[in-house]
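Below, chain A partners chain B and then partners chain C, in two separate complexes.
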Partner chain A sequence: MYRGREGQWAFIFHRVSGLAILFYLLVHVAELAAAMWGPQYSNAILGFFHTPVFRLALLGIIAAVLYHALNGLRIIFMDFTGWGVKYQAKIWYGVFAVFLVIYIPVLIKILPEIFRGH
Partner chain B sequence: MQVNVKIKRFNPEQDNRPYWSEHNVEVSETDRILDVMNQIKWEEDGSFTYRRSCGHAICGSDAILLNGVNRLACRVLVKDIGSNINIEPIRGLPVIKDLIVDMEPFFDSYKAILPFFMNDDPEPTTERYQSVEDRAIFDDTTKCILCACCTTSCPIFWTNGQYLGPAAIVNAHRFIFDSRDQGTSERLGVLNQVNGLWRCRTAYNCTEACPRDIPITKAIEEVKRELLWRKA
Partner chain C sequence: MVTKVYTLNDAKAAAGNNFELYWWVFMRVSGLLLVFLVLGHIYMQNIAINSAEINYDYVVSRFSSPTWKIYDIFLLGLTILHGANGLRYVIDDYVKNLSTRFWVKTIVFTVIASIFVLGSITLWTFNFQEIGDVMRSVPSH
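Then we have the complex of A and B:
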């Protein structure tokens, strides 16, 4: 593994989270499209996706969207301002700080619901 | 001090795949990594092959992947690395033998951005005047020594060898922002192609790797903005 620093990891996480979001959207659209064959099919598939495994994975998707959005702002700063490149590593830590501020309450709210089976 | 050196070796005439050779050598802590390599070549294994020329970080011959990062072997001291030294050829270019890679694709990208002064105006009788401020705009990017540390540290270049790479863009920057040069639109045309400037995903490995401390990502972003605002 190349021992890159913040920028390399920001890029790798951005790419992986982007691919995860893309894959989720494909599955999501396929699931919606199943309604074309009637509610018995779409409801069966929807029930399958409501099992705890997929609901936990959905928390992963929320994390991916959140990181991708926040790091996207970092990239906008780098692309469109003269100072973004200079402070990119610090902004990346900021991305994580904001990520945690938003994501931890999400976990506190949703995790118990998943395990209680709501 | 005693150091343990692992080197990724490959001899196309004997080996099917690369292997690691291991050497325990006694060196001074103020030796350069290049001195360590020389010691191994001269005293242990004469078949160990690498490029080196000036040994003073100006010819750009001895770029290596040193403990996971691209460095010039002549610009790093043993004491900065410690006693475990891992040496590999730089990535993304075909290995010819041991640490020697085929640099032609790298130089092709360099040539593609027209790395020479272009100005069709009649030559003035005096010098082509440039203010100190105008010269300062591209001062950093004049320092490139074409060692390929940046380009071969780039994750995009590893997976897409057609990408022009940071070194080519740095050298384009040097002429694009030169107030005396008139080839900007031609160069931006080259950089605007599929495997040009826009492949850069700002991973910053290039900036970390540059032995000349060129702020490479900053330069690439400046060229991106120049291209964007010109087209807009």
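Then we have the complex of A and C:
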């Protein structure tokens, strides 16, 4: 832990979300590559990823992508503008505000699909 | 107390080449593109439809469509490079022993490169009939 302020947490979340996204990316590409072996294998593997446990985990990956994208924009502002550095902590709270505005509707759309079971 | 002021020239002398600068620029440029490519991809596959409906026929129809074939080529290439370089930063931060670092990188980048090749083959496997139709429909003069 460096100083434990906003910038430190922004960095830790960015790193952890990035690692989670990379891990999912590799699994996701392999999952889709099964299509090369035909519908019986492809549909079996896709069905496996449609089980509630994996769909809930996918919601976590969507959250990771959304945070990583918004905080990535914050990093670009910090690198290229003076106000980006001056207001980086405030922008981080802005990142969370925008995150919630987008992610809550996503949950409202997807959670019922998972718990209806199809 | 006088502290030494490090200048751009000191940084250049320490780095030796512009390798890290190019990766730094790449992370910003690819990151900006990926905001749109990845969020667009998630929107199409999770919000516009129920993702549980995705099956073999859906996957093949997307991989055969000219638009999504090109979209997915950029998506795969940029995410793999952005992710692999991000992981390189993480390894350099936490694996200090140079021999261990070499082997960790060798194994990790071999896995990532293999998955990239697998994904590329998948994108090139599905038929080019549609993309061929589009090209042939362009007037030759």
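By our rule, the second predicted complex is superposed on the first by the 115 of 118 C-alpha atoms of A that agree within 3 Å, B and C clash if a C-alpha of one lies under 4 Å from a C-alpha of the other, contacts with A are read in each partner's own complex, and residues count from 1 in each chain.
Note that in this section a contact is a pair of C-beta atoms (placed from the backbone, for glycine too) under 8 Å apart; a residue touches a chain by one contact, two chains touch by 3 or more.
Not measured: the values here are computed from a predicted model.
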| item | value |
| --- | --- |
| Superposition on chain A - do chain B and chain C clash or fit | clash |
| Touched partner set for A:115, first chain B, second chain C, both or neither | neither |
| First (chain B), second (chain C), both or neither touched by A:36 | second |
| More chain A residues in contact - chain B or chain C | C |
| First (chain B), second (chain C), both or neither touched by A:48 | neither |
| Which of chain B and chain C A:69 touches, first, second, both or neither | second |
| First (chain B), second (chain C), both or neither touched by A:22 | second |
| First, second, both or neither for A:79, with chain B first and chain C second | both |
| Colliding region between chain C and chain B, picked from 43-51, 97-105, 133-141 or 187-195 after the shared-chain fit | 187-195 |
| Residues of chain A contacting chain B in one complex and chain C in the other | 15, 75, 79 |
| In the complex, chain A residues that touch chain B | 1-8, 10-12, 14-15, 75, 78-80, 84-86, 88 |
| Chain C residues touching chain A - in the complex, by the definition given at the top | 28, 31-32, 34-35, 38-39, 42, 46-47, 50-52, 54-57, 59-60, 63, 76, 79-80, 83-84, 86-87, 90, 111-112, 115-116, 118-119, 121-122, 125-126 |
| Sites on chain B touched by chain A in the complex | 65, 67-69, 91, 153, 155, 201-205, 207-208, 215, 217-218, 221, 224-225 |
| Contact set on chain A toward chain C in their complex | 15, 18-19, 21-22, 25-26, 29-30, 32-33, 35-36, 38-39, 42-43, 46, 50, 55, 58, 62, 65-66, 69, 72-73, 75-76, 79, 106, 109-110, 113, 118 |
